[in-house]
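Both complexes shown next keep chain A, but they swap its partner, so chain B is in the first and chain C is in the second.
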Partner chain A sequence: MFVLQLAVAGIAIGSVYALIALGIVLIYKCSGVVNFAQGGYAMLGAFITYGLTSVGLPSVIALVLAIAVMGGLGALTQILVLRPMLKAPVVAVMMATLGILITFRAVCLLIWGPDQIGFPALFPIGAIELSGIFMTYNYIAAFLLSAILCAGFLAFYHYTPIGLMQRCTADNTRAALAVGIHVSNQVTIAWTASAMLAGLGGALLASLNGLSLGLSNIGLVAFPVIVLGGMTSLPGAVVAGLVLGILQAVTDGVLTPAIERFLREHTDIYSVGTLQQVIPYALLVLVLLVRPQGIFGTKESERV
Partner chain B sequence: MSLRQIIILITVALAVMVVLPGLGRYGAYIVYVVAIASIGALALNLLIGYCGQISFCHGGLLGVGAYAAGNIGNAGQDMVVALVGAGIVTAFVSVMIGLPALRLRGLYFAISTLAAQFILEYLFRLIEPWTHGVSGLLIQPAPFFGLDLSNDRGYAAIAVGLLVMSLIAVSRLLRTDLGRRFILIRDSEIVARGMGVNVARTKLWAFAISGFLAGMSGGLLAFTSRIAAPEAFEIALSVDYVAMIIVGGLGSLPGAVIGAGFVVLLPEVAQRIGETFGAATQTAALREMVFGLLIILFLIHEPRGLNSLASRAVRRLRRTSGPLSNNKRSSASDLEMTQARL
Partner chain C sequence: MLDVSGLSVRYDSVIAALEGIDFEVGEGRIVALLGPNGAGKSTLLKAIAGMLPFEQGEIASGKAVFDGVLLNGKHPAAITRSGIALVQDGRQCFRNLSVGENLKAASFRHSKGAEDRLQLVLTYFPILEEFYARPAGVLSGGQLQMLVIGMALMIQPRLLMLDEPSLGLSPVMVQSVFEIVERLHQDLGMTVVVAEQTVPRLMEIADDVYVLSRGHSVLHAPPDEIDEDRLQSLYLS
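And now, the complex of A and B:
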């Protein structure tokens, strides 16, 4: 029962991971750029939501407005930073996205300071009990919203004309150009969508765990998620997000206490620290060693 | 690096040593901080710029070097022993981290080094007998070849000396068979394999050599700051080092030094300017913002780094002064440009 309780929390957090990871996969598929700034967008989305509510807006309107602002910001960064760097080496582009992350963190530090902030309740406070398992509205709402958005986004990607152009760009940039798709605009759309997903994910995470600069680290946790899912698979990112969320919750609640009990009995070590924070990375290395293309990824062949 | 360049380098280093006593404590501090960072950047540039293995765990490796040197130094050994020991330990850890590179390529490997960084951070906090956990390991000053050099000027002299030695060693290395194989692997692993290069072994050599230099740099960092604490070797430091070699120029030896100077001095300057304006939080935020924005602007306008900017300026100067010397020079830097591409 305890494990199930943990799994509920894990699924809620994991679905938010999936939301944030989707954005990274989307940009990577369409332009080959790895967006290290995704955590920065999540953090900024949460801070803007907080800022708007502290001005007096109702929290739901603040959230919608913040997501719109994030979309604009995503498009803007793509146009201002990524477009001029089309021919730059891969590492330089990675570094530029890290520069965006550093700048976002500095902006938030300047305006909102380094302390943990109580995030306004996005959803009513309370919980329902289902055969012994408690689920707070917060967790249910975070899960439902993420699930609906993930599903909606995948549907958009597969069944609309823009989705078709996105897939075309991702599949073969030259062919996309040849049939008259404006590839740069498609990449801008990908960045817009990605920033909006991240903004929502950030606000949801802040409503679960509180808000501070540390929220930007979520962008780095998203990397095990997308690699496990296979860099180029959108459904893979969703599945891997859920798996990692559950794994972290179970590690925190069951595995860490068990290991510490064992160590206390047999050695003089008392604590294994924040094991749940490294477990995704340990798993990541293991999976990469066994299956370098991720669980759902397709193997890329290399040409000379 | 030709003999002439080596002589120039040594002359510059000697000049720095001669001026050192006149620099004052702050000046000496700046010199050794930049020199230590340059050694670290050189190590990373060898791995990323010459062998093409993108790594985001350099900060963690510097940490390994710092803890290793600190422990050896605290056991009563000479600083030289501690630095070499730190180099060997870090080389070993670096090879461990490099093992996945035998199966992974490019981006996937970069992400596996990200994982290594977080695992190292976790271990720094966990293995208390060696690292003293969150509170950090205090490091006693150690003699250098039996001499007491534990002051700012002494550290500056040691750091500059080690930097010159590393620069010469790496430039020599790049002219050997092994160095050529690094560059071949960066340019195309398949071609390298086709030409009979043992790709796995060559990559591990790159990790070992880069790790050795990183360990020495981390060790010096530990002795100069007298403490090794986990929060000093977090992912942010790895990002700083990647920034250094990209700003300086990938696959360029002077670039490592230029980039290290840029990334180390920029916050120092921003701090000075910020202190005149306001509180500590604002200063830190402004410093980070200037750093982030400058990196972005810089990468947009000069993605090949400051070194290519410098060599282009030199070329332009030569073109106006004498057209004859122009030809040879430009073909040489074109070669550098293609080498800089990953």
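And now, the complex of A and C:
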């Protein structure tokens, strides 16, 4: 029962990971750029939500406004920073995204300081019990919102004209240009959507775990998620996000205490620290060793 | 219809790919653009279609004018909207998308009458209807060539430019590609430019021939003045 309880929490956190990872995959697919700033967008989304509530706005309105601001910011970043780098190597562009991350952290540090901040409640406080498993409204709402948005986003990507243009751009830039698709506009759309997903994901995580600059590290957790999912697979990112969330929760609740108990009995070591933070990267190494193309990825092969 | 004059193209600001090219395409004609590998045929077509900036290339001097409108500096999307479709080399399409989605994507910016054009394309290429829901990646080389020509037709072009459509195809397939070009020309009155290295069949349908070599235009003549020996000597000169 305890493991189930942990799994429920893990699914909620994992669905938020999926939301944030979707944005990274989206940008990678249509421009080949790995966006290291994604964690920064998540953090900034949470801080802006917090900032808007601290001037008196209701938290839900603050959240919606913050997501809109993040969308604008994502578009602006692409237009001001990435478009001028059209002819630059992809590695240089990725370094630029690292610069964006550092800038965001510095700005948040200047405005809100380095300390952990109590994040305003986005959802009613309370919990329900379902055959012995407790679920707080917070976790249920985070899961439901993420799940609906992930599903909605995937549907948008596969069944709308803009989604079709996104997939064309991701599939073959030269062909997209030849049929009259504005490729750079499609990349702007991808950055806008990605920053909005990250902003919402950041605010949801802050509502579960509190808010600090450390939230930007979520970008680093998202990388194992997308590698696990196969880099270019959107459904892969969703499933991998859930797997990672559950693994982290179970590690935190079961594995870490068991290891620490064992170590205390047999050695002088008292604690192994936060093992769940290591799990994503251990998994990353394992996946890269066994299945480099990720679980949902396909081996690159092309008919010539 | 299309008037290119004194066109010079550079890649990476230094490498000269074309030098002072004059190239004219009259309405309703089929123009063959011949030349050996690396002569600059693809570069000329890309310059007209506005694709150069995406491959580190630029028009250094000269101009390309289509129906009185200057094409220099225009985005490929604007150029396709003005009625020019380029079927690039390498059969560029969306291989992870279905055949139907490929055709839909091509008509996205040209939605007026798209349904009728789709029917037309499927009449010309019944194989595309058969594979409509399958990913384009499963098509053979010849079928892919049909798809990319079909996609170009969805743009509703007045000028269709084909870059080495016969490359890597079996002789039978090459034959049917040129039959299609001829039918498009006859049925729809479409103006066509075909870039090839050497195809006797192309000489039968072309109204006009340009030969490029090492970035220079070395010959402009009607097709009956051109034979294999003359081409060889031009290519080697």
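Things worth noting here:
FYI, the second predicted complex is superposed on the first by the 300 of 304 C-alpha atoms of A that agree within 3 Å, B and C clash if a C-alpha of one lies under 4 Å from a C-alpha of the other, contacts with A are read in each partner's own complex, and residues count from 1 in each chain.
We take it that a residue touches a chain if its C-beta (ideal position, glycine included) is under 8 Å from a C-beta of that chain, and two chains touch if they have at least 3 such contacts.
Treat the numbers as computed from the prediction; the structure is a model and nothing was measured.
Of the two partner chains, chain B is the only one touched by A:T274; chain C is not. Residue contacts after overlaying the shared chain place A:V227 against chain B, while chain C stays out of touching range.
In the superposed model, A:V55 lies in contact with neither chain B nor chain C. With both structures placed on the common chain, the touch criterion links A:M85 to chain B but leaves chain C unconnected.
Put chain B and chain C next to each other and count what each touches on chain A; the higher total goes to B. By the document's definition of touching, neither partner reaches A:M1: not chain B, not chain C. Under the contact criterion defined above, the residues of chain A that touch both chain B in one complex and chain C in the other are 87, 302. Residues 48, 54, 100, 103-108, 110-112, 114-116, 118-119, 122, 125-126, 188-191, 235, 239, 242-243, 246, 250, 281-282, 284-289, 291-293, 295-296, 299-300, 303-304, 340-342 of chain B are the ones touching chain A in the complex.
Residues 49, 51, 53-54, 56, 75-77, 80-81, 85-88, 92-97, 101, 104-106, 108-110, 137, 141, 148, 151-152, 154-155 of chain C are the ones that touch chain A when the two sit in their complex. Interface residues of chain A, counted against chain B in their complex, comprise 34, 81, 84-85, 87-96, 98-107, 109-110, 113-114, 220, 223-224, 227, 231, 272-275, 277-278, 281-282, 284-285, 288-289, 292-293, 302, 304. Chain A contributes residues 86-87, 161, 164-165, 167-168, 171-183, 302-303 to its touches with chain C in the complex.
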